[in-house]
Structures are given as C-alpha cells and as structure tokens.
Amino acid sequence: MTLAPDTPPPPGDSAPIFGTHLFDGCAAAKGYALNAMCFSFNEAANREAFLADEDAYCQRYGLNSEQLDAVRARNVLAMIEAGGNIYYLAKLAGIFGLNVQDVGAQQTGMSVDEFKAMLLAQGRKAGED
Amino acid sequence: MAQIIGGYFTSHVPAIGGAIVRGDQEEPYWKPFFDGFPPVREWLEAERPDVAVCFYNDHGLNFFLDKMPTFAVGAAHEYRNEDEGWGLPLFKSFAGHPDLSWHIIEQLVGDEFDVTTCQSMLVDHALSIPFELAYPEAQEWPLKLVPIAINTVQYPLPSAKRCLALGRAVHRALVSWQGAEKIVVIGTGGLSHQLDGERAGFVNPDYDRFCMDSLAANPEAICVDSTKEIVRKSGSQGVEILNWIAARGALGAAPARETHRNYHIPISNTAAATMLLETT
Amino acid sequence: MAQIIGGYFTSHVPAIGGAIVRGDQEEPYWKPFFDGFPPVREWLEAERPDVAVCFYNDHGLNFFLDKMPTFAVGAAHEYRNEDEGWGLPLFKSFAGHPDLSWHIIEQLVGDEFDVTTCQSMLVDHALSIPFELAYPEAQEWPLKLVPIAINTVQYPLPSAKRCLALGRAVHRALVSWQGAEKIVVIGTGGLSHQLDGERAGFVNPDYDRFCMDSLAANPEAICVDSTKEIVRKSGSQGVEILNWIAARGALGAAPARETHRNYHIPISNTAAATMLLETT
Amino acid sequence: MTLAPDTPPPPGDSAPIFGTHLFDGCAAAKGYALNAMCFSFNEAANREAFLADEDAYCQRYGLNSEQLDAVRARNVLAMIEAGGNIYYLAKLAGIFGLNVQDVGAQQTGMSVDEFKAMLLAQGRKAGED
C-alpha cells in the first residue's frame, strides 16, 4: 500500500483525499444510530450491557443492517462506510481492546507491527531531513 | 490589568495519559516527547499564571451530534473529566473562572462570533493532558480554566481564518479584562496525524514544519488553506491545528517570540509537537 | 430550482395553543387574533410550499444553560414536540429535510456563522403554534421543516444586525439549492411583551408599528438598535423580534411585498401580530 | 405603579431598563441550580416528585437559601433576584397553577383582574391611535 501519494493537490476543494472520509452531513445522517450507540459507551454500564448481549444492544439503538454487519465483523472501514465517525467508533474499538494503532493497522491492511514500524520509519525519515 | 504571558502548544494524544500513569517518561519510545516539557515547566514555574485559556477539541465526551457547536465557551465554576470509554485515567477537575468566561463571551458575541455557552461542561483528555504535561507534580491545578472547544468532528468545520479571528477576539477580551491575573493561552492537538480510513498513519513533517515555522510571526500563512486542504496536508485529525491557530490568535496580532520547540514522530499515530511562544 | 414564495410572521404565545384546543377561535377575546389567519391560509393553499424554514426561539425544551447556542440549525429526520411542563397540548411531529439543512449549514459555516448543528432536536410551542395557526385542518403537516433557533434566553444575545445577516446567508443557501421545492420562511414570536420583572405587562404599539412598517422594505431600520435597546423598546420577550428579522433576511435583500397585516393587543401579555410578505 | 416610564432612552447600553432584569452571565452563574431544577420540570415525574416533597427536591438540586426562600414564598421577583430565568421559572409557576398573567400580576403588585384590565386598556388605547 502506498501511504499518502501526496502529489501537489489540485486547486479547489472538490478533489477527494486518498483514503480519507470527511464526516459531513451526508455521512452524519447515515451514521446517527451507530454514532449514538458508540457515544453511549462513555458509561461503563453501557459497555457491559453491550458485551453481555451485543445484538440486543445494537437493536436498541436501531442500527441498520450495514451497521450491524460492520460491528459484528469488527470492520472499522465498513463502520465508517456506514456513517460511523472515528471519534465515537474509538469508544467501540476500546471495548474490543483495540487502540488507535490496532485500528490503523486494520484499515491499512497491515499487521500491527508493520503499522508501528511504518510510523517509526516516518520518524526516522523526518529526522534525516 | 491582566497580563498575557504567552502560550504553549502541544499534542494531546490519549496514549500520553497512559504513559504518565505507567511512569514511562524515560522509556526510549516516550522520552523524545516528554523531553519537550522541561522548558515549558520552567517557564510556568517562573511566570506562575493564574488562569489558562485553553483551545481544544472535544472527542465525544461532552458534545454529541444532537448539539454540536462550532465554538463552545465554558462558563462553569468547575470542569470535571469523566470516563471517555477507553480506560484512560480519570484526570483532575479544574476550577473555572466564570467572570472571565462571561467577559470573553460578551466580547465574542459583540464581535459576531456565534458561540455556544456552557455553564456545565465535561473536559476530555485533549484538555487535561496538556496540564498533566506542564504540571506533572500538581496535586491540584494551580490555575483556573476558561476552556474553548472548536468543532473538529462534524463537517463543515470552521475555517482556519475564522479560528484565528476567534482567537484574536479572545485576545481583545483579555486585553480589556480588569483583573490582575497572569494569563497563559494553550492550544492542544495535532500535529499531522490520521486515525481513520485507508490513509491511517499518515503524517507530514514538511507541513508540520511549515506550521511551526509560521506560528510565531505569520500565522496567517497557515490560514490560506481551506479546512479540506489542511486535512489533505495534515491528516484527518491533523486538522486539530485549528486549536493551535485560535490559541495563537489569542496572543494578539503582534509577532510572538518562539522560545522553545520540540518535534517527534511518532507518538502512537501522531507527529507530536510542543512549542512555547512568549508575547513580546 | 427551488422557489422562495415568501414568508409569514406571527406571535407564538403559549395560550394560543390552549385556545385552539378549546375551540375558542370565535370567542371575543381570541377572534381579533385568529381573524389574522385566513389570508395566510389562503396564500398557503394557493402556493402549497413543500418546505418551511422556521426561525424561532426555544423556551427551555431542547436547550438548557449547559449548551446554549447563539444559533442552532436542525438537521434531523424528524422533530418532535414534548411536554414543556405547563399543560400545553402535545403538538404534531414534523418531518425534517436533512439534505436542505446540511446545504444551509454548509453555506452558514462557509460564511462564518458559527452555528450549532442539531441532528436530534425537540421543537416547542414557539415553532408548532405558527403551523397550527396556518394549517388548522392538517392531520399531518403538509411540508417539511428546517428549524433555526436563535438564543433569546442567555445574554449576550446576538444583535439584530447579526440576525439579519444570518437570514441573508440562509437566503443565499436557498437560492443555490438545486431542489425543486417551494419554500416558505417563517418568523415567530413577539411583538412587544414582557413576562418578567416589575415591568411585566409592558407593550409598545408605537415600536411594534415601526417594526411592522420597516419589515418589508427596510428591515435594516430595526437593526440600528442594540439588543438592550430593543428590550427597552419592546419588552424583555419582545426581543423575539430577532426571529422575525432573521426570517426577513432569508427572503433576500430585495424589498418584499407586504400583502397582509394583523395587529391586536392583548393576547395573554402580548401585543400579537401576524404579517405576510411575498417575494417580488 | 407606573408602567414603562418610556422617556426617550439615554444613548448607550449602560442605562438600566425600568423593572427589567437581563439574564446575563452574572445572573446565570447565580441562578444555575434554580434554573436546572426548573428545567427538570419538563418531565411529569419530576413535577410530581417536587409536589410530593418540595424541600427534598430543592435540596437535590442544591438551591441556596435565597432560592429556597423564594420558591417557598412563590415569589417570582425573589426568584429572579436569586438568578432565576423566566423561561425556566414559568415551568415552576405552572406547577403552582400560575400562568403568565398570574405571574405578571404578582410582579407588578396588581390583582390578576387589574393586570388583565391594564393589558386590555393598552389594547383600547392602541386602537384609538
């Protein structure tokens, strides 16, 4: 995978950004139920209720089938595609014991070690400049 | 008359909280980041500010999509941290400074900033970690807080230009404040990083260097880009530079003096930076 | 291309809801007020708008002092009314128009309005009563809603000038909206009245007439005064004229045509008014 | 009582407005507990809890003694003096069966009939113009 093929950006805001999903109104409208569920995970009791019966908890928040599948598969890119916002999804990932580096690895198709090594390599490269 | 002593700017990566709790400051992975703080601490010990005006972004602790403000100004007597859901340590509470908060709010609304006022407000790691880094020994925070939250969650985000203007309006409020306090300004977040999407792990040292080089004397240079262009250059969470820009604005339009800088890749997924700017 | 057909403006006194439920429309106390509505209804029946953009103020149903926005824009699929605590009837729900809401929000933030976006939002009598008055026979509302709430609770309030500018930015959004909808704009509240303090019961027909005379062709005239000066002239709740001013702005800067006006003192504590403005 | 001695207002915003209490930050900071309690009265269960044990309900919201006294006395001007905002206080007044005309009468020292007559008289006067 090529990280950030940062060719000079075309002028104007219309050009998409590689591998980047801006959480705009369209995404927000699609993802409200999923994000509302994730927001509830600020409370420990809700995290426990989710762990005790994941499907029932998802149903209570009215997740659609795309969101249900993404949650069942622990697939972060699919959650984002279904309207999830990373700030809220991180709380769900936390329940699964995943930190932002685990999540980064999953989304980029790397192992966690590869993902960490990629970041360290960027640090070394920046230091060489 | 109040005195604005300057400001410090720092990343607020959640993992820093874990490293502090574990005492990992001297571990090889963490040391290059924590080594950025002694100059900030020495400066704060010498200056002993009474109030902090802190620009940050909430990560889904206090604000949800039902009421998502572009700019929110705290006006509470106390600000508590609470469980954010990922096993972060609970951070200490802050005493507010409601009189100064309202003075700032009057200035902002008078200057046509359409703020949301928050008389009860939880603050998350993005606000607490910069204080943990600057006052590692504190049993309780030695200064009062005025928190100002900038939306980096729900697009459309405010432009960098608008954030700089917000900060400058806060500066006008601080200049006209009749109290005798010493005031420190704090900007938290960034620098380049991206948590979500196929580009996760993206950092951009060239852009970060441009931002750091511009901050003291020419913050307008960072404000030329649209928010989306900033995301392109800085990553989807690199857009937290908006907090730095607003905080820089609160130091006033005159050039500031950069007295310290630290930059290190990576902390977690982030190009981490710490800067100290003094007013001249 | 969307078409902005014009706007209607009306008081939203809670007691109107009680009068509707009791069927008091023909009672001598109420008739002079309800008689203001047939021309509005006839116009709406002829024009059949598809969407309403409604400027109102929340009276403590959806917003509390923990998060009090200066300007809040609804972006929900549905807006429900709920118990406000004084035995008001429960009003019907509205279907939202999230796509148009987001289009407006993009314009507003792009134009440096620092709005709070609300993807879940309860609407109170101040929003519902104007629809009850305009569509008395409706089993369900025949149009979709974009609600925009203006803070009239927590000082500092936005200036009248800022509210007019907000409305004009909404107008720019409506003009560039690519949908085929017919859009009606609504402003609710006022006119002069005061509920609280030793001046309770204050009304000011001269000022109300000035506002009504200015609305169609010269709304800027109402925007010369500070918010406090408007309160002085109009009463502490008379400041709800801010909603009218913003709604007038949403009709655009060109003069509008006043096609109907009704004014009556008192409804409850209020100088009640209804106006219809058509775009030219 | 003279209603609204509307002499031409002096220029500038510093001049007070007769009988008018702007709910600014100072008032809001003072009144937060009282207003929070009143906001809770949007829910019927809370209104019932208040009626069942008024003092206990006030204590739960941490009202100060000035606010407690004002609530016990059903004194709206005292509630405003204690930081209450009329939009929230109206919900408390509703529990006591008071509408905005009752509240207006109390604040102006009139009977409710006098208060209503005063409003009707203003309507007649405006009609004569």
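As written, the chains take the letters A, B, C and D, and residue 1 is the first residue of each chain.
In the analysis below, a residue touches a chain if its C-beta (ideal position, glycine included) is under 8 Å from a C-beta of that chain, and two chains touch if they have at least 3 such contacts.
Chain by chain, the UniProt names read as follows: A, D = Protocatechuate 4,5-dioxygenase subunit alpha; B, C = Class III extradiol dioxygenase family protein.
Everything quoted here is computed from the prediction, not taken from an experiment.
If you match contact pairs by residue number, over half of those in B-D turn up again in just one of A-B, A-C or C-D, and that pair is A-C. Across C-D and A-C, the chain pair carrying more C-beta contacts is C-D.
Note on chain placement: the centre of subunit A and the centre of subunit D lie 49 Å apart, centres being C-alpha means.
Centre-to-centre, using mean CA coordinates, subunit A is 24 Å away from subunit B. Put simply, the C-alpha centre of subunit A and that of subunit C have 40 angstrom between them. Shown for subunit C are the residues in touch with two or more other chains, namely 65, 105-106, 117, 119-120, 154, 156. Of all residues in subunit D, those touching 2 or more other chains are 24-25, 28, 32, listed in ascending order. Taken in their complex, subunit D has these residues touching subunit B: 24-26, 28-29, 32. Residues of subunit B that touch subunit D in their complex: 75, 77, 98-99, 101-102, 105-106, 117, 119-120. Across the complex, subunit B meets subunit A through its residues 14-15, 59-61, 64-65, 82-87, 153-156, 194-205, 226, 228-229, 231-233, 235-237, 264-266, 268-269, 271. Only residues 63, 65-72, 105-106, 109-110, 112-121, 154, 156-159, 162, 165-166 of subunit B touch subunit C when the two sit together in their complex. Partner subunit C is touched in their complex by these residues of subunit D: 1, 3-4, 6, 9, 13, 17-25, 28, 32, 35-36, 38-39, 41-44, 47, 76-77, 80, 85-91, 93-95, 99-101, 103-104, 107-108, 115, 118-120, 122-123, 125-127, 129.
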